[in-house]
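Both of the next two complexes hold chain A, though its partner changes from chain B to chain C.
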Partner chain A sequence: MLNKRHAKPSPPLSDVALQWLIAALGFTVLPHLGHLPVWAGILVFGVAAWRGWIIGNPRMKLPGRWLRISLTLLVVLAVLLSFKTLFGREAGVALLAAMMAMKLLEARTHRDGLVLLLLGYFLVMSNLLYSQSPLMAIYLFGVVIVLLAAQIMVRRQHVALPTRGALRLSLRLSLQALPVMLILFVLFPRIPGPLWGLPKDAHSGLTGLDDKMTPGAISQLIASPEVAFRVRFAGPVPPANQLYWRGPVLWRYDGTSWTRSLDLPRQRFPYTVQGKSIDYTVVLQPHGNRWLFALELPYSLPPDSGLTTAFEMLRRNPVNELMRYPVRSYPHYQTGDLEPVWRWRALQLPPGNPRARALALEWRATQAEPAGVVRTALAYIREQDFFYTLEPPAELVEHNIDHFLFDTRRGFCEHFASSFVFLMRAAGIPARVVTGYQGGEINTLGGYFIVRQSDAHAWAEVWLQGQGWIRVDPTAAVSPARIEGGIQAAIDPVSLPFMARRGVSWLHELALSWDTLNTLWNEWVLAYGPDLQREFLSGLGFGPIDGWGMTIGMIVALGLLIALFAAAHLLSRRAAADPAVRLYERFCARLARRGLMRQAHEGPLDFTARAALRYPQWAAQLRRIGQLYASLRYGRALPDAAALRQFRQSIGAFKG
Partner chain B sequence: MSALHPPISEPMHRDRLEAAVSQVGTVILGKQRAIRLALTCVLARGHLLIEDLPGMGKTILAHALASSLGLQYQRIQFTSDLLPADILGAAIYETQRAGFVFHPGPVFSQLILADEINRATPKTQSALLEAMEEHQVTTEGETRPLPQPFFVIATQNPSYQVGTFPLPESQLDRFLMRIELGYPDSEAERALLQGRDRRELVTQLARRLSSEDLMTAQSAVADVYVSSPLIDYLQSLLQFSRQSPLFRVGLSPRAGLALLGAARAWAFLSQRDHVLPEDIQAVLPAVVGHRLHPSEEFLNEPIPNLVARLITAVAVS
Partner chain C sequence: MFPAVLSMRRRIDQWTRRRHPPQRQTARLERQRIYILPTGFGYVFGLMLGIMFLWAINYNNSLSFALTFLLAAVALVAMRRTHDNLLHLCISPGKADAVFVGQEARFTFHLEHSDSQKRYGIALQSRQGDPCFTDVPVGSGGSLILTIQATQRGWLQAGRLRVLTRFPLDLFQAWSWVEFEQACLVYPRPQGSLPLPLAASRMQGAGGGETGVGSEDFAGLRPYRPGDAPRHVAWKAAARRGELLVKRFTDQARSELWLDWDLLASADIETRLSQLCLWVLKAEGEQLNYGLHLPGVVVPPARGEGHRRQCLETLALYGLPKDG
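Let's turn to the complex of A and B:
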C-alpha cells in the first residue's frame, strides 16, 4: 500500500511557482536580517539567488545529494557555534531560515513546494517574536498575500497566472478571509499569556527598571527613548509634581547598590486614602519583571496582582506581553504605623561613609523632631552648590556617599535619592529609595500620556511618626525644573535621545501621530487579552460571558457569516432570475419531490424528455413545458406577458 | 441583414437539409449522429476531421454528403510522397500558347475528401490546411479564390499506426470538429451486409440541395439567436476547462467561438431559431475533443470521459 503511494511521484514544480516561492520566502526572512547572524543572512539570500539562477539557466544542475547533506550538516554546526544551542528563539529562527534555504536547493516537486510554503507561513509567525508593531503587522499581511499567491502558483501546475492576476486572486481570497479573522480575533476565548510556550530567550533585551539600583543604572535608562507605558486619564491630567509613577522600592544598601527586599504581594491596602481620586488606564509595555506602575498611591488592583508592604503593585507573572490595566490612585494618603521588622529594615546601613554619618548625627542633635531633620537635609541640598547632571564624575568604591556629598556634589537623581536615604537612616529616621518614573509627555492628538524610559527617576520616602510614609524628592530640591518640566528642562537636550527631547518640531509632531497609532494598536489589538475581551464583549451588551459562551458565540457568528455569504449569493441569483426561471424551478422542485431530480447540467429539453420517459402518461405535457421554458429562457423574443401566462398555465395544469 | 436572407421564416431549407440527412442515412447505416454532426460542420462553415480505422465508411460518408448537398467532389489520397503542387495545382508550360498556364489541383472543388491526411509529410499537410484557413490558394505570385462553399473532410488513421505524421495541435485547431464513426451496431451491420453495394448506391443519390441553398443556409445559421443565459453557460464551460485540474490547458477563445458556431448550426438543423444548452452539449465532444489535453494526473483517462465530466460539472444557467 505504502509502496504504491510512493511509486506515484509528485508532479514537478513549475519554474514560475518556484520563482514565486523564492520571492515570497525572501520577503519572509527579510525582517529577520537584523538579528540573524551575518552568515545566515548571506546563506539564505545566496542560496535563493543560486536557485533562481538555476531556473534561468536550465543547463545548470541542482547540487548533488552529498553536497546538500554536507551543507546541511555545516549549517547545523554553524548554528551550534553561533548560539551554543539549537533551541530557543534566536537559534531556532536561524536554523529554520537556513534549513528553508537548504530545502530550496532540492525543491523540484509539488510536494517540496508545499513543504516550503508551510515553512514560509511558520517563518511569518516567527517575525512576531521580535516585533508586534503595526508596521510589522502590515508588512506580514503583505507577505502572507505573496505567500498565498505562491501557493496558488504551486497548485496551478500548468496554467500559470500573470503576476498581477495571481496577486489579485490572493488579495481577494485574503479579503474574503478577513471577516472570519475578525470573528476569531474578537471571540476566540483568550487565555492569559500566549497560546504556546515561547522560548526562554524570547523576552530578552527588554528595557526597564531593575530591582537593583547601582550607580549609573538610571542614567543609562534615561538614554533610551523607548516607551515605558502609556496612560489615559479619565479626568484632567494631574499637576506635574503629583506624577510619581511608583515602581520597585529599594531597602537594602550594601555601600554601592540598592536592592529590593523580599516582599510578598497581598490583597489588602495597608493605608487609608483621602481627597479626590485619579482614575486612569495604563498600557504597559512588556518589561520582563513583575511590577506594575501606578501613581502614588494606588487604591485598586489589576487582576492577578497584589500590593507589597512597600506599596509596589506586583503581578503574579512577569509582564512579557503588552498589558492594559485600569487603576485608581489617591495622591493623599496615610500609611499608619511601621512594624518593627520593617522599621529595622528601613534603618539598615552598611559601615562606611563617616562624614555623612557625622553630618546626620549633628542634625539629629540640633533638631527636636525627625521632620526638622528632613527639612534641614533638603535645605542642605538646596543651599550647598549641588549640581544635577547626567554625567557625574567617576565613583569611588568606598565611602561614595561621602565622596558625593562633600567632594564632587555632581550627580543624578539616583545619587541624590541614595545619599538622602543614607543621611536619614544615619539620623535614625526610617527611609527607603523608591524608583519609578516621574512626569511624562502628553500626546494631544491621541489624548493620552506617554511615559518613556527617559522619564525614569528615583526618589526617597521617609517614615515619620503620625504621618506615616511620605515622599521626599531630593532632586526637586536641587533641580525643581526636573520635576516641573521633566528631564528635558533640567538637562541639556543634546545629551538626550531624540524622542525624549521636546520642542516644536514637525518631526516630533509626526512622531506623536505615529505613537497615537501605535497606542490604538497596543490598546485594542495587542492588549486584547482575557480582561479586555470580557470588557469589550460586555460593552457590546453580552453581559458576563465565559469561555464557553464565547466559543458558542464564535461558532454562531461564523455560522451566520457563512449563511450571510450563501444568502447573498442566492439572492444575487434570485434577483437576476426572471419569472420564467422561478416557475421552472418550482416545476423542477415538484418533480424532485416525486423523486426525479434535475441534474445541474441538464437543459430543459433533456430534462423534460427524461421526465416524459419516466411518466409516459404526462409525456406531451412535460415536453410542452420544456419547449415553452426553452423558448422563454433562450429564445429570441423578449418574454412577453402572454407567453409567460401560457407557461404558467401549462405548469399549473401539470398535475404531476 | 435578415432582409437579405429570411430563411428563418422559411422552413424550406431545413426540410431539405433534413431530407439530405435521411438520404445520407440510407447509405451510412446506423450513424445518424455522425451524419448530423458532419452536416452541422458544413453549415457552420467548418472543416471536419474523421479519425477512424480504414473501412468504417469515411469515404462513403464524404461522397454521399457531396452528392446530397449538390457539391462538386474531389478525393485526394494522401501519401508520403504527395507534394503540395499535387494538391494546389501547378503552372505548366504549354507550347501552343508559348507560356505557363496554371492547372488547378484537386483542391479547387467544393467538397474535398483528404484521405489519410497524416500519411503525408507536414509540408503537404500544411499546404492543404492553409488553403482551408484562407479559402484561397497563392501560387507563383497569383492568388486564386477557392470555390464557394468550400468544405474539407479529412480522415486520419489513429496516430499509433506506423508511417504517420501526426498533425500538430495548432493544425488540429483548424478543424471545427473531430469525430469517430466507430463500428455499426449489429442491426445496422446486418442491413449493410444484406443491402446493395454502397458505392453503387452513392452514385444514385439525388441532389437535395443546390450549393446556393447551402450558402443561404450557412448565412442563416449565423443569425440563430444566442441568449444571454446561454452565453453565461458557455462561459462557465470555458472557465471550468481553464480552472479544472482535469486539463493541462483550458479552451481558447477560438474554441469558444467554434463551440458557439457549431451549436448554432446544430440548433438550426434541429429546426430552432435559438441555441439551447442541449445544442452546446450535443456538439461539445466533437468540437473540443481534439483541443483539450488531460493533465498529468488524468493522463490515463480517455478524452471523451473527461469531456463528459466537463459537461456534468457545469450547471446550465
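Let's turn to the complex of A and C:
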C-alpha cells in the first residue's frame, strides 16, 4: 500500500503556482542581498528569472540530472570557498538560498512545489537573524501572504481558483490568524535559550564596548551613531555628572592596551549605599558580550546575572538579543576593604614610561596622603596645556604614556583615563580604568533617554583608605563640557555622525520620533522574553504566574477567541440571509413536519408542484408560493418590498 | 496483517456504516459527520513549525517566535476553513447508465450548497479509486462523474464514498462518508465464439422448421454461415459473387430467433450468459426478431431498444437474488 503510494508520480506543478513560488522566493531573498556573496545573489535571481522565462517556452528543457548534481556540488564548493565553512549564520543563509535556487531549477512536480514552500518559510525566518525592525516585520508579513497564496496555488491542479482569489484568501487567513498569533505570542510559555551552542558568527556585526581597550578603540566607537541602550527613568533624569553608565572594568595594563581580568560574578553587593535611589529600566541593544550597563552603582540585579568584584553586572549568557531589565542605582555609595590579591592587581604596572613614574613618585613624596596625590594629578591635567580631541597624534609603541603626558598632550578620554591610572599606580595608589557610557540624550516625545555608542567613555577609579573606590574622571578636568553637555559640546560636531549631533534640525526631531516608535517596538515586542512575559502577566493582576498558569491562560484565551468568532459568524450569517430564504425555509420546515421533505435538487416550482399533488386541497396556494419565491429569488427584476410582503402574506396565509 | 488489526478495521468499518447508512436521495454533510486530520504535508508543516520554534528559542529571537506563531495560527484558521468547505454540502446521486462487464461504470453525483461563495477542491473517492476533484459553484452546483471498473454482472453500487477536501492550504483533509442506494446495472461481458443460431432452430407451436422462420418476404442477402439451411442459399447470386450467400427474410410474424440457454454446451453459467449476451447484441444489430429462453425465464421475441434492454437486464440479473 505504502509502496504503491510512493510509486505514484507526483502530479505536475502548474505554471501559475510556479510563477507565484518564484515571486515569493525572490521576495524572501531580496533583503539578504546585502550580506550574501555576489555570486549567490546572481545565482538565485538568475535561476529564478530563467525558470520564470522558461514557463512561457515549452520547448525549453530543464537541466538533466548530472548537470544538476554537478551544479549543486559546485554551489556547495562555492559556499565553502566563500566562508571557509558550511555552518554558521552567513554560510547557512547562503547555502539555504543556493539550495532553493537548485530546487527551483528542477521544480516540475507538486512535491517540488511543497519543498520550495518549506524552504521559503525558512528563508523568511533567516531574515529575522539580521533585522527585526518594524519595517522588516511588515515586509516579511507581506512575503508570508504571498507564500501562503503560492501554497494555495500549488494545489491548483484540482481547483480553478483565480489568482486574485488565492491572494485574497491568503490575506484573509493571515488576518484571521493575527489574534491567535497575538495570544500565542503573549501567553505561550517561553523558555530561556539558547538550547545548544550557536554558531560563532550568529551575532556578528554587533558594536559595543570590548573587554579590551586598545588605543583608538573608543574613538572608533564614537564614530558610530548606533543606539547602545535606552533608559526610562521612574523619576526625574539625574544630573549629567551622575550619568556614568558602568561597563567593563579594566585592570591589566601591558604598555599599550588595558584588559579586563576574569572575574566571577556573585550575588551579593560588596558595598553599602546611601541617599536617594534612582530607579529606571534599561532596554539594551544586543552587543554580544555579557555585561549589562547601569548607573554607578547598581543595587539590584536583573535575573540571571551577578556582580563582580569590580562592580560590573554580568549576565550568564551574552546579550545577543534585545534585553530589558529594571535597575535601582545609588549615586552615593561606600565600598569596603580591598583584598590583597585585588590590591596587587590594582597596582600592577609594566616596565617603561620613566618620566611618568618619576612624576608620580615626586607627587607621592610631596603629598601627605593619597587623596592629595589625586588632587594634584587632576590639577596637573587641568592646568597644563592638555587638549581634548578625537584625532590624537600617532602613538608610539613604547613609553606612550610619557609621550602623551609630556610631548603631545592631545588626546581622548581613553588617553586621559589610561595615563591617570598609570600615574596613580606609579604613586602606589590602587587604580583601575572603567569603561562605559557617559551622558545620553533625552527623547521628550517618547519620554526616555537614548545612550548611543558615541557616548562611549572611559574614566578612572582609585581606592582610598576609608573611602573605598571612588570615581575620578580626568576628562572632566580637561574638558568639563564633555561631561556636562556630551560629546558634541566638547568637540566640533561636524566630526560626529549625524545622529550623535544634537538639536540641529527638524530632521533630527523626525529621527527622534522614529526612534520613539522603534523603542516601543523594542521594549514590547523584541524584548518580550521569559522575564518580560512574567513581569507583564503579573502586572495584569494575575500575581506570580508559572508555565502551567500561562498554558491554561493561553487555552482559555484561545477558547474565548474561538467562541467570539463563532458568535460573530452566526450573527453575520443570520443577518446576511435573504428574508425570502428564511420565509421559504420556514415554509419547507412546516411541510417537512407533515412528512413532505424537499429534496436538495428540487427547485421551488418543482417542490410546490409535488406538494400540490400531495395536498390537492391547498394546490393553488402552494403553487402561488412556489411562483412568488421563484420570481423573488431568480426573477429578472430586482426584488422589491411589495413582492416580499406579498410572499410573506401568502406564506402566512398557508395553514398547512 | 494481525487478526487484531483486521478485526479493528472491521469494527471501524461497521461503525462508519452505522453512522452513515445508505441513502436514497440527497445526503447533507452535517457537523457530526465530518472528520478532519492533517495530511502528510500537514505533518511536515508541523515539523517545520517545531524546528522554527527551537530556532526561535535558541536565537532568542522575538520575531521568529512571532513568525512561528503566525504560521501555526494560519494552520489553525485553515483547519476551520477546510472543515467549513464540506459543511452543509449536499450530494445527490444522479443516474448511472448500464454497462457491460469490463467497461467502466460512470456514476454521476450532483453537489450543491447554499453558500454565497464557490467551494473549491471537493472530491469524491470510491474505496479503490483516486479522489476525483471538482469545484462547486453557487446556485446550480456542480456534478462529478466517478468511474468504477465493472467486474461482475448484476447491480453495481458505488459503495461507501469518501467526500473529501484539502482546500485551502493542503495541511488538513476533512472528509465524510456517503453511501447511496443508487446502482448501475452491469450486463454480462458480450463474449463467445458461436455464431447466431439458425432462426428456426427452435420454435414454439409451429409446424415445419423451415417454413416457420421468415420465408416469405425476401429482405436481402447475407454471407453463408455454417448451419444455414441449404434451401436458403441463393445459388444464383452465389454463382455471380463467387461466395455462398443466404437469402434473408423479414417476415416478422414468423421469423423468430430463439436465443436458448440449452443451445449452449458450456457448463459455466457466466460463459453461457456471455454468449447469450453477444447473441442479443448481434441479433439486435441485424434487426432480427429474437427471444430469450433461460431456465425459468422467457422473454418473448421482439426487437428494438426496449426489448434489447429487457433481454440484457434479464441476462444481467439471471440467478441473482432479487435485492441484488
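The rule is simple: the second predicted complex is superposed on the first by the 552 of 656 C-alpha atoms of A that agree within 3 Å, B and C clash if a C-alpha of one lies under 4 Å from a C-alpha of the other, contacts with A are read in each partner's own complex, and residues count from 1 in each chain.
Simple rule for what comes next: contacts are C-beta pairs under 8 Å (C-beta built on N, C-alpha and C of every residue); 3 or more make two chains touch, one makes a residue touch a chain.
Everything numeric here is computed off the predicted structure, so don't read it as measured data.
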Problem - Partner chain in contact with A:154 - chain B first, chain C second, else both or neither - result: second
Practice task
Check the residue A:11 against both partner chains and state whether it touches chain B (first), chain C (second), both, or neither.
Solution key: first
Exercise for the section: Look at A:599 in the shared chain and tell me whether it touches chain B only, chain C only, both, or neither; answer first, second, both or neither. Expected result: both
Exercise for the section: Please work out whether A:339 is in contact with chain B alone, chain C alone, both, or neither, and reply first, second, both or neither. Expected result: neither
Practice task
Using the superposition on chain A described above, determine whether A:322 touches chain B (first), chain C (second), both, or neither.
Solution key: second
Practice task
Give the label of whichever partner, chain B or chain C, reaches more residues of chain A.
Solution key: C
Problem - Partner chain(s) touched by A:529 [first = chain B, second = chain C, both, neither] - result: second
Completion exercise
Dual-contact residues of chain A, meaning touching chain B and chain C, are 158-159, 599-601
Problem - For the chain B and chain A complex, residues of the former touching the latter - result: 225, 227, 229-230, 242-243, 248-250, 273-278, 281, 295-297, 311-316
Completion exercise
Touching chain A in the complex, chain C uses residues 25-26, 28, 41, 44-45, 48, 52, 54-55, 57-74, 76-78, 81, 90, 92, 110, 112, 114, 116, 120-121, 123, 133, 135, 166-170
Problem - Residues on chain A engaged by chain B in the complex (per definition of touch) - result: 11, 157-159, 599-606, 630-631, 633-636
Fill in the blank from the handout: Given the complex, residues on chain A that touch chain C span 114, 118, 121-122, 124-125, 128-129, 132, 136-137, 140-141, 144, 148, 151-152, 154-155, 158-161, 169, 173-174, 176-181, 184-185, 188, 190-196, 198, 202, 320-322, 525-529, 576, 581, 599-601
